[in-house]
Structures are given as C-alpha cells and as structure tokens.
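Letters A, B, C, D, E and F name the chains as they come in the text, with residue numbers starting at 1 for each one.
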Amino acid sequence: MSEMNEFDENGPEVIKRFMYVNRKAPYGTIYALECLEVVLVAAAFDQDVSVVFLDDGVCQLKKNQDTTGIGMKNFSKTYGALDDYDVEKIYVEKESLAARGLTEDDLVIPVEVLAADDLREVMAQQDVIISS
Amino acid sequence: MKFAILINEGPFTHQASDSAYRFTVAALARGYEIYRVFFYNDGVYNSNRFSEPQTDDRNLVSLWAKLGKEHDIDLVVCVAAGLRRGIKDEVLEDGFRISGLGQLVEAGIQADRLVVFGD
Amino acid sequence: MLHLINKSPFERNALDSCLRMARPGSAILLIEDGVYAALAKAAHAEKIISRMDDFSFYVLGHDVAARGLNDAPLIEGIDVVDYEGFVDLVAEHDVTQSWL
Amino acid sequence: MKFAILINEGPFTHQASDSAYRFTVAALARGYEIYRVFFYNDGVYNSNRFSEPQTDDRNLVSLWAKLGKEHDIDLVVCVAAGLRRGIKDEVLEDGFRISGLGQLVEAGIQADRLVVFGD
Amino acid sequence: MSEMNEFDENGPEVIKRFMYVNRKAPYGTIYALECLEVVLVAAAFDQDVSVVFLDDGVCQLKKNQDTTGIGMKNFSKTYGALDDYDVEKIYVEKESLAARGLTEDDLVIPVEVLAADDLREVMAQQDVIISS
Amino acid sequence: MLHLINKSPFERNALDSCLRMARPGSAILLIEDGVYAALAKAAHAEKIISRMDDFSFYVLGHDVAARGLNDAPLIEGIDVVDYEGFVDLVAEHDVTQSWL
C-alpha cells in the first residue's frame, strides 16, 4: 500500500507520466483514431503526457493521406492539434521508420525520432502506459 | 492498492473481456480495490443487455453486471466509442454507466495500477 | 485463384502464408493494411520482389492513397487497381481466397 | 455473374465493412448481381440501428440499409452470431433480416463468386 | 456469364467444392468456434466439404484441452462430430504442425497431414473458400 | 515493468516488439494466445530462450491448459502462474504494459 500513501500525501498535485503507445496502422483498424481521441482528452488533465509511435504505428503520421477513395475521415491532420493541446512529447522509433522505408521528412508533425535503445529508457520511466 | 481495468474488445470475439473478468475476480480475492473498469473501442459491446449466449456458455454482460453490483465496481462505457457502435441507454445493461473518456484518464490518475486487455 | 491480403506484412503472417500456399500463376491483391507490402523501400519488399515471376501482384490504389503512400515508390510490376478493378479481378478468377 | 459477400467484422473497428461496401457498389456499377450479403462473427454489428457516428463520419449501418433497398440486396445477419452479441430484432435496422448459417452456405452454392471481408 | 449458364443447366445437382480455412488459434479469438459452427451447418447441404488447418489453426485440434480455468466452453470435442456429419476431408499442414512442435498424435481427430506442396494443390481445386 | 503478451508469436509481431523494447530486468507474462511462445519444441522457442538472462518469463497456466498444452514441454525457466499470480505480478511491478 506504499504507493497509495505516497499518492495521498502528495494530494492532487501529483503528476503522473502517461504514455500512449501506438503500434497499429491507420484506417485498417480504428485503434489509431480512438487512441488519438483519448490523447486529446488526456491533454486537458494536468498530467505529463507522451505519445509513442512504433511498429506500424509510425504509419499513422505519414504525410499526404487522402481518404476520399475509401470513404473514411482523414484524421491525420488532427495530430497537428497535439501541439495546441500542449502535448509536446511525441516519440517515433527510428528502426520502425527505417523498416518501412520512411524518414522524418515523411511525417505530418515534428517528432522526436529515437533509436530503440533510447526509446526503451523513456518508456521505462512512465507511470501509466495505455496501448490500443 | 487500487486497480483500474481497461477493456478494448467486445465479448466472445476476443478473450480480452474473459481475461479481464478473471483478473478482476482474482484481484478482489487478493483484497485489492477495483477503482473502475473502463470499456473502450469494441469493449463497449460488453454492456449490451440483449446479449444472449447459448445456455451452456458464459454470459459476459451478466457476469460483469453481477460482479459490479456485488463489489460496487464502477463500470464505465465510453460515450464516444459507444455512440458510433450503437451502444446507448436503449441497450445498456443495468449496472453500467455511460460517460466520457475523461473517466479513463481519471482512473489512470487515481488507481495505482492500470491493466489493459485488448486485441 | 485470386488471393486477398488485408494485413500489414510487418504485423502479421498473412502474406507469408499466402506466398507459401498459393499456386504459382495465382493473382495476389493487396488491400487495406496489406498495401504496406507494396512499399519498394520497405524491409519486406524482397518477399514480393522475389516472387514476381510466380504471381501477378495488384494493389488497391484507394488504400494506398488513404495511407499517404502515393508519394512513396511501390515495387515495380505491381499493378494499381481501383474498386472496379478489384471487382474485375474477382470476376476473372474462379475463386477468391481471403487470408484473414 | 452473381456475387455473394461475407462480412466478418463490425463497423468502424476494422475496415472490412467499408471495403465490402465499396466493393459491392463497384460490382453493381459493373452490372453484376449481388446475390446476398451475409454478416457473420462481429459482422452482425453492422445492422445495429442505434449506431450513431459523428456527423462528419460515414454511417455504415445506414449505408448498407440504403444500398440494400436501392438494389434489392438480401442483407442477412446470422442468428447465432447475433444472439450472443445482442443483435436481435429489438436493435435491427430496417432492411436487414436475421437468419441461419444455411443462408451463407446457400449463397456459396448459388453465387458464382464469394468474397470474404474480415480481420 | 458462362458460369451462370453452366450452373443453370446442371440445376440443383451441381456439387461445389467448399473449403473452410482455419488459420487462428482457439479461445484467444472466436473465429475457430464460429468457423466450426459454419462447417456443421454446411455438412447438411449436399456439397463437397473440406476443412483445412494451417498456421495457428492447427492448434484448434490439440488434444487435452481443459478450459475450466478460463471459463470458456471446450469445443475441441465437437471436431469429433465432423465424422458423424460425413465431413471426412480434414487436412492439416505438416509444416505448421512441425513449427509448433506438434505431431499427428497430438490431435483430437484423425486428419490427413499434407505438406504445403500437396495442400497447395488441394486448395487450388476448390470452388468456394471461406476463411475466418 | 511488467509486459503482457497475448498474441501468438507465429501470427503477430507483439513478442518481437516487446523483446526489442523492454528494458532488461523486466518481467514478461504470456497470456491468451501468447502462451504458444512458451512451447519448448516450437520453432520460435529460441526467441525466449536466448533472452532468459534479460527477463523473468511467466505464463498463465489456465491459458496453457485451455489450449491443451499441459502435456507439451514448456521452455525451462518460465514460471507458471494462475490469475492470482497474475494479479501479484501486476501489484509487484509499478507499471504494466500490454503489447496489443
């Protein structure tokens, strides 16, 4: 119960580190969109929010998405709102990008590209990890 | 210690809801508090009161509702995920409530552990 | 036979299984997240390139565009089709198998 | 030539229903007959009349119902898969009908092509 | 339209070759169970039915399943009913079994184990392929 | 950190990604279809065996039994737990990450 006491002592001022992990491609499944919807809500809470894209999740950020042909909403522009919501810790795994033949220039928003060895340390420092 | 549970998949199709249910029962048996169970993505389907599995199969909707009642667990169905999937008050099983995504974030803040079950 | 692949080759084994089980001469159409297999500069490109003689490969252009891959080079020799082209492929082949 | 369509996933969560819808529209445009669309597994959720996506998003339940009406397409929801998932007459959108798995097999027999959309 | 005419000429006597393809493990998802439910219904039609297990699908047939701990119905015994329903063409891919360290002796029912090279030919002879 | 793997290593890349991203010293619990990764005689066994020094591996016994694997040898050194053991693992580690 030590965590609980610690939490109670610090009261409402405690800030937790929340990380949202995206590993899935957009459009084939809804997880990318519904994770983004969580992050936008989470931004309103005074917590330390970071968003990670690895594996096929890096494809969510690809520029030039045009969904008119598949009849689905193009939500890639919404990632640009993360900055307005003060979500500034956005990490992309370098190896996942490279495996897909993509570079930082292919992405819709500025991100911090980290090698797996560095991203591992960032992930290990979180208090809550939400994946979808 | 307080646990929060996030369920991302509907009943039957994926094992997520079953695993989360058994985990929750075990956590209660261990004396932990379940701060909230949040149903997101297809997880919202776990609250559909019309679900009627074969008689020799488990009924996850009733199981959750019953567990929630017995242990006073807050069972929250995401309003946004529910709306697009047609999970609204008209089909909601007693014991669940519909609310916003803030309830998930708040559970992450208040609980000591958050465990995600999905596909 | 026409084979449909709707899964990313990075995430799942559907493409691998299809390439193992499909009879040479078959057509393979990449749709939905399956279109990532068509990326020429991706690590998995060799899987398809090495089988270009065995199969006719197609990719659904609408799914390519949705994912922002119109500016990314696709593997040479993969034909881009639209939904009507998808329908034509189904009509032209006696059987369609989906690798779910 | 007659086509039959099998949809194994619900709306929104997977692209299956979207792909099947666009394929069906294109097949009709090419002059082919759609013998039946069969909704199985989570595909049964495509008939939930309570589905209410955001106003700038597509509504797959309405799209299927409308297409079915305009082209007199038989939209069949599996009774067994529907029961366990709570998709019954109480929630069924107009234009869909609930019936047995035999309707899928029969579609496979009668149609010249069967195309499966799933996860 | 040649197929339609051919079909009409032969009338209801036409027998199609239906193949049900299982590539997914049991219990983690419902696809194995709901595919089996289709096959049992399909057996009542006078068609040529075959069932294939490959990739993780071979795990559906593993002996000694005991689901009491997970609270789900053990449906592995139902595969034994396939024979009663005269579904006799049951194929298992040899390579998929081997990759999982399994052998024919591990399976709940007698099956025909085929190498990929042979199974490929069987699959290529079907009229309708239903996967789930 | 506790990592949860609920996917078959034959079908998906979840285990690979977890093994790449998890910090040595972490615990990894295999549940649901993830338990196939624990099979000692399976082709993928080496993935885990080669990392036994880096991680503590656990497998949910109920999921093993459900899949009929009680008679199949599991990789030596993987601890079998029940649901209460699963709860204990979550309680013992500050954070749990699910590799969905």
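Note that a residue touches a chain if its C-beta (ideal position, glycine included) is under 8 Å from a C-beta of that chain, and two chains touch if they have at least 3 such contacts.
All of these numbers come straight from a predicted model, not from anything done at the bench.
*Asks:* In this assembly, which chains make contact with chain B and also with chain F?
*Replies:* A, E
*Asks:* Among all the other chains, which ones are in touch with both chain D and chain E?
*Replies:* Touches both chain D and chain E: B, C.
*Asks:* Farthest chain from chain B, comparing Cα centres?
*Replies:* Max centre-to-centre separation from chain B belongs to C.
*Asks:* Using C-alpha centroids, which chain lies at the maximum separation from chain D?
*Replies:* The most distant chain relative to chain D turns out to be F.
*Asks:* Specify, for the interface formed by the sequence copies chain B and chain D, whether it is same or different in terms of residue numbers shared by both sides, with half as the dividing line.
*Replies:* Same; most numbers are used by both chain B and chain D.
*Asks:* Taking the mean of the CA coordinates per chain, how far is chain C from chain E in Å?
*Replies:* Measuring from centre to centre gives 25 Å for this pair.
*Asks:* Just curious, how far off is chain F from chain D if you go by their C-alpha centres, in Å?
*Replies:* 38
*Asks:* For chain A versus chain E, what separation do you get between their C-alpha means, in angstrom?
*Replies:* Once rounded, the distance between the two centres reads 40 Å.
*Asks:* Counting only residues that touch at least two other chains, what does the list for chain D look like?
*Replies:* As it turns out, chain D has residues touching two or more other chains at 1, 8, 12-13, 15, 19, 22, 41, 54, 57, 114, 116, 118-119.
*Asks:* Which positions in chain E are in touch with at least two other chains?
*Replies:* In chain E, 3, 23, 27-31, 55, 70, 72, 128-129, 131-132 touch at least two other chains.
*Asks:* Among all residues of chain C, which ones touch two or more of the remaining chains?
*Replies:* 6, 10-11, 13, 32-33, 62, 82-83, 95-96, 98, 100
*Asks:* Can you name every chain pair that touches?
*Replies:* Result of the pairwise touch check is A-B, A-C, A-D, A-F, B-D, B-E, B-F, C-D, C-E, C-F, D-E, E-F.
*Asks:* Along chain A, where are the residues that touch chain B in the complex?
*Replies:* For chain A paired with chain B, touching residues are 1, 3-4, 7, 14, 16, 18, 30-31, 34, 37-38, 41-42, 44-45, 47, 128-132.
*Asks:* Can you check the complex and tell me which residues of chain C touch chain E?
*Replies:* Residue positions touching the partner: 1, 13, 17, 20-23, 94-100.
*Asks:* Would you mind writing out the residues of chain E in touch with chain B in their complex?
*Replies:* For this pair, the touching residues of chain E are 27-30, 70-73.
*Asks:* Applying the document's contact rule, which stretches of chain B touch chain A when the two form their complex?
*Replies:* For this pair, the touching residues of chain B are 1-2, 6, 8, 40-41, 80-81, 100-102, 104-106, 108-109, 112, 114, 116, 118.
*Asks:* Given the complex with chain C, which residues does chain D contribute to the contact?
*Replies:* Touching chain C from chain D are residues 1, 3, 8, 15-16, 19, 22-23, 25-27, 29-30, 32, 113-119.
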